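Shared chain: chain A. Partners: chain B in the first complex, chain C in the second.
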Partner chain A sequence: MSTEEFSVIGKPLARVDAWEKVVGAARYADDFFLPRMAYAKIRRSDHPHALIKRIDTTRANALPGVYVVVTGRDFPAVRFGILPVSQDEEALCTDKVRMVGDPIAAVAAVDEETAERAADLIDVEYEVLPPIMSVEEALAQDKVRIHEYGDGPNIHKAVAFEFGDVEEGFRQAALVREDVFFYQGNTHLPMEQHAAVAQWSPDGKLTLWSSTQTPHYVHRALAKTLQMPPAWIRVIAAPVGGGFGGKTDPFSHEIVVARLAQLTGRPVKIGLTREEVFYCHRGRHPVSMWVKTGVTKNGEILAMHFRSYVDGGAYGSYGVASLLYTGALQTVTYRVPRYKFEGMRAFTNKPPCGPKRGHGTPQPRYALECHLDKIAEQLGLDPAEMRRRIVVDEYTKTANHLTITTCGLRECIDRVVEASGWREKHGKLPYGKGVGFACSSYLTGAGLPIYWNDMPHSGAIVKVDRGGGVAVLCGATEIGQGSDSVLTYVVAEQLGIDPKDIRMATADSDLTPVDLGSYSSRVTLMAGHAAARAAERMRILIHEAVAKKLEVVPGELVSRGGRVFVKDDPERGVSFAEAAVLAETMHGTLACAGSYTPPKRAGKFKGSGVGPSPCYSYTACVAEVSVDPDTGEVTVDRVWIAHDVGRALNPLLVEGQVEGSVYMGLGEALMEEQVFREGLHKIPSMLEYKSPTTLETPEIYTILVETVDPEGPFGAKEAGQGPLLPVPPAVANAVYDAVGARIDEVPISPEKVARAVELKKQGKPARVGPERLPVFTFPEPVKVASAFGEAADPSVKRKTQV
Partner chain B sequence: MPAKPILTLRVNGEAHEVAVPVHKTLLEVLREDLGLIGTKHGCELGECGTCTVLVDGQPVLSCLALPVELEGQEIVTVEGMAPPGQLHPLQQAFAELGAAQCGYCTPGILLTSMALLADKREPTRDEIRQALSGNICRCTGYTKILEAVELAALRMSGEVAGGKHGRGATA
Partner chain C sequence: MMRLPPFAYLAPRSVGEAVRMMVDHGPEAMFVAGGTDLYPNMKRRQFEPKVLVGLRGIQELVGVRGEATTGLVIGAGTTLTDVAEHAAVRGHLPALATAAGLVSTPPLRNMGTIGGNVCVDTRCNYYNQSYQWRRAIGFCMKKDGDICLVAPGSPRCWAVSSTDTAPVLWSLGARARLVGVGGERVVPVASLFKDDGIDYLAKARDEVLTEILLPPVDGLRCAYLKLRRRGSFDFPVLGVAVALGLDGGRVKTAKIVLGAVASRPREAAEAGALLVGERPTPALIAEVAEVAARPSKPLDNTDLTHPYRKKMTKVFVARALRRLAGLPDSPRDEEEVA
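Now for the complex of A and B:
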């Protein structure tokens, strides 16, 4: 790794927030205790689908200690939602509930216990409607509609695209294979339950502290639903105790506490119970998938046709984007010259699905990597070697008009093949032991904003104090991924100072420039660039002042080690603190802003907005498993994973992101599932919703590959989401290597494995997975010429220009 | 017994008098009455390990413990792991090795590890896994947590010099 050129970048430093976190001093949203604070509880629906006929709050209001009880009628009649095209949620439901757990009324009381008791005393009369619990039921029940909008009865969205003539590709193929897969939904399960505290100032301004990954969108939602000027609303994201996408939507409870605080004249706090967190959800969509691929005898893909049937749950959430993501990134990993995608998202009476780590892409990745494993076997090719041959080419476009910059996937493949002893193990281990292989790619920040505009996606201000202290103000949200640390490193490197001399002020809509939020793996690249640019401007001001003092030209100066000095005569220089005084004397108050807007590279067709990114990360993974053929239990013994992160700004933090991604991928592969019975979550507790503990998590061997992408700050790409993607299919392929059984759906539970082993014993096809797909007629595809193999636009920075 | 008996709790070496309803949990009393917000909660049902504190040196889920039963016992929270201004070797190692990401499960894991190291000076990795199997972490994949406990154990047994980076140092 080429870190010698840097003082801070590339060093395995402790996180800047590590110290407050290990002493328990970090203040999460639920840690705010304000004078006169009241506590809120929300009364939620008991029915998955019903009309609200009457809400009687008399008994709740009469309970001593209750300050106020509100229903949906106490709010402006305005809906909200994260996407402009799916404004379908209410702060409190007025006429209809669409899932168990939908908010109906809320209480503010002297303490949490009183609020809870009062919420139970609210009487709700329902007219029960037939619940729709699956995509198939959503399609069959066209007389019962969950929402009045969408692309058909209970169809939130249906899309179809064709890039090049896939049928022609299939005609030329030596092998055409079709497979069907199902990826069960699962949830984020952050350790911190969502919490929010609202407070109004006497002059009518609102402050909300919340455990949110997207304070900017909460700000928008509050302004809209409370019908207030945004200027009077301040949203502060407290450090988030785990997000993984589960705290990226604006939530009803955030709006409710704001209103309750207004009505009571007190600060009001709400903390969700673990059960409520399961119902808030916005996690992994359950997706049924069909994929058809035509290949040459060497495994070169000639055409691919992919269909996804997405179970969206009760609200839109990010669903349109999630749906498009199930189709967008298939082309970014391997060369796919012709590509067709058809997808639909149905509404069902379950908690809404949304973005979870990997947003819409782990499901198709599972399908594709299991599918390719089968193709390799049919062609008699080594699955790792076959993939290595078909990796995308750098600085080209994909069939669906996405631009590839750097791609370190071949090196990732070589490194995990080598480290894992793949060649000695695949197909050669004793019965019950196996290895599986898979690859993936992921975006480094969504190329387009949620609200389409030409403003920056991220901004930062660097302020220098007379004592040499530096403050960085940025809207980025620390959710544990290390955003505060990364921004500190970038500024420290630019100014040549110790990271300890920098203070971060983040995620506060009053004080910090907008950053769109901690989602889509965007913070390191986008906020990193914004902070780097602000710091670079500051360095220019400082060098100008120091150059005058030292009687040199600014170009002769460098900033490093807390000093500003002449490059060729390091003894001639001043401390950073002295430099700050010189600069303030020359320029006045020292504050510089920087911002970042991603390049506009989306294709010229409707629906092209999901998928573009400044650059893509790449990952290769080998999983080694032991399978008990009698019980079907799968034990993952070891995972090797190589990740192309562009450049590791801090290898310790990147490893942490990779290890955490592997862990979360294993949970999805083996045990986690969000399942329902008549609208009720079957297992809404941390005991019953199984997630891996220390005992189920194997040794993880992480390899970082650095391609130094010209699009990223110091060459960095993302690390927080991509490494999850290849893990579930690598496990599935390892199970096949171990016992010869294909499990074409997650979770790969013992019951499914045992059933497949039994089928094999009976001489039947050893496969467990979906037998059929929902019956749905997709719209005519939007036909767009394939851009496959075209050179990236001349505006794309090449490595030689670094 | 009155609805709000006055209890004397010994927390982090200090005696505190509190008057709280008998059903109020230790978790709630620590956070709401004593201002010790370092103790976190993830389920309030005894399932996730996040709220772990030490009672007479043993890990206890504070969401299931009632103060009325804990009078006269020594309660230690994350705030009391080390003397003021100092770090316990576990805290030092967790910070240096990136064992805390979102940091929310960290206090509970630190205290469970502290009890383990009081019991076993040099636990094996499997023994650490066993000891921490009731503490869920969703960020780290546990790898860096296991490494940090091992490093702290080595430093505490004097085999590796401790805290070379020092508190708050970054390079």
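Now for the complex of A and C:
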């Protein structure tokens, strides 16, 4: 790796928050204790779908130790939701509940036990409505509606696009293949349960500490739902004990504690139970999928038609974006000249789905990569070699008008093929052992904001103290992914100082410039650029002052190793602390801001806002499995994964992200499922919602590929989500290689594998997966000329120009 | 987070004192040993004792005594870790070491006791839920309600026996010493269980399980196989304990006991009888496994599906017997080994 030119970037340094997290000193939201603090508990719906006829809080109010009991009527009649187009949530439901776990009333009491007892003493009368628990039921029910808005009864959104004439592509194809897949829903399962503490000051201002990935959006939601000036609200994201997208929406409990704090005049805390976290959800959408692809005999794709049927749950959440993501990135990995996508999202009476690591793309990725595996087999091609041939071209546009910059996928493929011994293993291992292959791509930050505006997506302030200490103020939120560390490295590199001399102040709406949040793999690129720019401005001020002192021109100076010195005469220089004094003397107080706005490259059609990104990461994966044909148990023995991260600002952190993604992908592939029975979540606990343990985690061989993308700070692309994507299909394809059975849905449970093996024994098609799709008529597609193969806009920075 | 309800904790120093405390406090009291199952259940209000009589401080309940050849005696308060790691248990009763070592996780095995695991509450995914969840679906007869949600027409509760160690102890012919207000008695572990998800233990409220008495080991070979989703944490959704007394290649005694497929461990006696006097050949094992699966009656109230658990009963019994007979796990692999 080419890190010689850098002092900090590219080095496997320990995280800046390692010590406080290892010794338990980090203060998570639930660790906050304030004097006179009250504890809140939310009474939640017992029914998946019902009208609220009456709420009687008399008994709860009478319980000693209860300070206040509130219902939805105690809030301004305003709805909220993360997307402007889906403002469909209430702080507390007033007239209707749409899922078991919907919030109805809340209590603030002297302690948590009293609050819980009081919540159970609230009497709720319901008029029960028929529950709608699947896309099929949503489509069958046109009289009972979960929401009054959308593209049809219980249809949240239906979309259709066609980029180029796909039928023409199918006509030219040597092989046209259709497949049907189902990807079961699953949840994030962060170690930390959501918690929030609200404090109302005597002058009427609110402070909220919360375990959130998006304090800026929480800030906006509080202002809206409490009808308060945003200037009077301060939102601070505490260190987050795992998010994965599950803490990316504003939540009812955050609004509730704020109101309770106002009413009681006390700080109020809420810590959700694990079961309540399952009700917050916003996890992986269950998606049924149909894909039809026409290819040449060499596997070159001529046209692809993809359909998604998305089970959204009870609220909109990010759903419109999630739905579009199930169709957006198919074209970013392989050359797809003609592409058609149709998708629909239904409302159901289940916890709302939303963004989980890979947001809307692991499901189509599973379908696509299993589908390509079958195509390769049908064409008699090696699945890795076939994919290698059809990788997208750098600096071109896709059919759906996304701009590709660098692409290290071919190198990724070569590296995992080599490291895993793919050629010696695929199709050649004994019965019960197999290898599977898959690739993927993912965005490095969403190109468009959640709410329409032309302001920066990220801002940072670098402030230098007279003693040489540096503070970095940035709205970015540390959710365990290492954002505080990455921003520290970027500033340390720019100023030539030790990372230890930098303090981070992050995610505080009073003190730090806005960053949109830790989602869409955007922080390293966007906040990284903002911090780099702020630090660069600071370096210019410092060099100007030092140059004057040393009687040289600023261009002759470098900052490195805690000193500012003349490049050609390193003895001539000053320490960074001395430089700070010189600079403050010359310029006054030293504070510089930097910000980042992504390039506007979305296509000119409605719905083009989901998918664009400054650059895309690429991943290739080989999984090796053992399958027990008698029990159907799948053991993943080894995973090789190569990830094009642009540049690893800290390879240790990138490897951690890759390994965590593999682990999470394996959970989705093999066992995790969000399932319901009689309108209730069947298994809302960490014991019964099966997620892998260390014992199920295989050896993971991580290979980092560096393409040094001109769009990223120091060339960096994302690493937090992309590496999850190829893992489930690689496992499915490996199971096929091991026992000849296709499992066209996740999770690949032992029962399904055993059933498929049994079918094979009986001479029947050895496939377990969905047999049919929901019956739905999609709208007429928006027809847009395919941009496939067009050169990237001149505004795109090219490597040669760097 | 979920909070414990208020309760008084009593810390007797002897079994006699524990029994007296239990009698004094009547139905409001429960015994607690490791507490790894009881406390979480209290948080979910599955148990609502006002008084807990803690057995942890009673020294006489802890430890493994005696020799395997004359019969080991395991104090009921011995932790699962200590049972799993005990040299004589590992050497002579590997099935017991395996079963104890497969319970939950290492930290919970350091707390949980073998007595607690033998007596562990039956489980059901309609019952092992929070108070609020159970209220939402409608309470079941095991707690706060009057019907069985997994078999609504049934007059009884079908919660699942979820002990790993009891099927093994049963297969080994172990006995249990119970000490109560009326004195003490020693009963076969096999007679400790009743076929009811609520009233699943044939033990009086005031009786303390003090010791497990194992028979002398004499030509005994035993195995335990556990079906569960993950390599840790999970309760069994099928347990197969097999103990064979072998004499010159022929089976002298055979006990096959199934766990987690009914409200009590179930002995597949008919299947075991097929083995007695015979050599455990692959063909006989296949036949025995078929018969052994008959008493396996799983319902849809645990992880994995019940038809799968039923099907796996056969696979697991065959596998356990094949291992004891020195055969590879699957008939498919026989050629390779040969």
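As a working rule, the second predicted complex is superposed on the first by the 802 of 802 C-alpha atoms of A that agree within 3 Å, B and C clash if a C-alpha of one lies under 4 Å from a C-alpha of the other, contacts with A are read in each partner's own complex, and residues count from 1 in each chain.
Note that in this section a residue touches a chain if its C-beta (ideal position, glycine included) is under 8 Å from a C-beta of that chain, and two chains touch if they have at least 3 such contacts.
This is a predicted model, so every value here is computed, not measured.
Asker: For A:V240, using the defined touch cut-off, is the partner it touches chain B, chain C, both, or neither? Pick first, second, both or neither.
Answerer: A:V240: touches chain B, not chain C.
Asker: For A:Q193, select first, second, both or neither according to whether it touches chain B, chain C, the two together, or no partner.
Answerer: So A:Q193 meets both chain B and chain C here.
Asker: Looking at A:V16, would you say it contacts chain B, chain C, both, or neither? Reply first, second, both or neither.
Answerer: Only chain B is touched by A:V16; chain C is not.
Asker: In the superposed arrangement, which partner chain does A:L680 touch: chain B (first), chain C (second), both, or neither?
Answerer: second
Asker: If you stack the two complexes on chain A, which partner ends up touching A:V100: first (chain B), second (chain C), both, or neither?
Answerer: second
Asker: Could you say whether A:D465 touches chain B, chain C, both of them, or neither, answering first, second, both or neither?
Answerer: neither
Asker: In the superposed model, which partner reaches more residues of chain A, chain B or chain C?
Answerer: So, of the two partners, B touches more residues of chain A.
Asker: Tell me which partner A:P750 touches in the superposition: chain B (first), chain C (second), both or neither.
Answerer: Touch partner of A:P750: chain C, not chain B.
Asker: If you stack the two complexes on chain A, which partner ends up touching A:G24: first (chain B), second (chain C), both, or neither?
Answerer: First partner only.
Asker: Regarding the shared-chain residue A:E584, is it in contact with chain B (first), chain C (second), both, or neither?
Answerer: In the superposition, A:E584 touches no partner, neither chain B nor chain C.
Asker: Residues on chain A in contact with chain B in one complex and with chain C in the other?
Answerer: On chain A, the residues that contact chain B in one structure and chain C in the other are 30, 193, 273-274, 685, 687, 693, 695.
Asker: State the interface residues of chain B toward chain A in the complex, per the touch definition above.
Answerer: Against chain A, chain B makes touches at 31-32, 35-45, 47-48, 50, 77-79, 81, 87, 91-92, 94-98, 100-107, 110, 128-130, 132-146, 165, 167-171.
Asker: Which of the residues in chain C come into contact with chain A in the complex?
Answerer: On the chain C side, the touching residues are 1-3, 5-6, 125, 128-133, 135-137, 227, 229-234, 303-305, 308, 311-312, 315, 319, 329-330, 332.
Asker: Quick one: in the complex, what on chain A touches chain C?
Answerer: 30, 44-47, 100, 112-113, 116, 120, 193, 271, 273-275, 431, 629-631, 671, 678, 680, 682-685, 687-688, 690, 692-693, 695-696, 749-751, 754
Asker: What residues of chain A sit close enough to touch chain B in their complex?
Answerer: 7-8, 11, 13-28, 30-31, 33, 188-193, 239-244, 273-274, 479-482, 498-500, 652-653, 655-656, 659-664, 685-687, 691, 693-695, 697, 699-700
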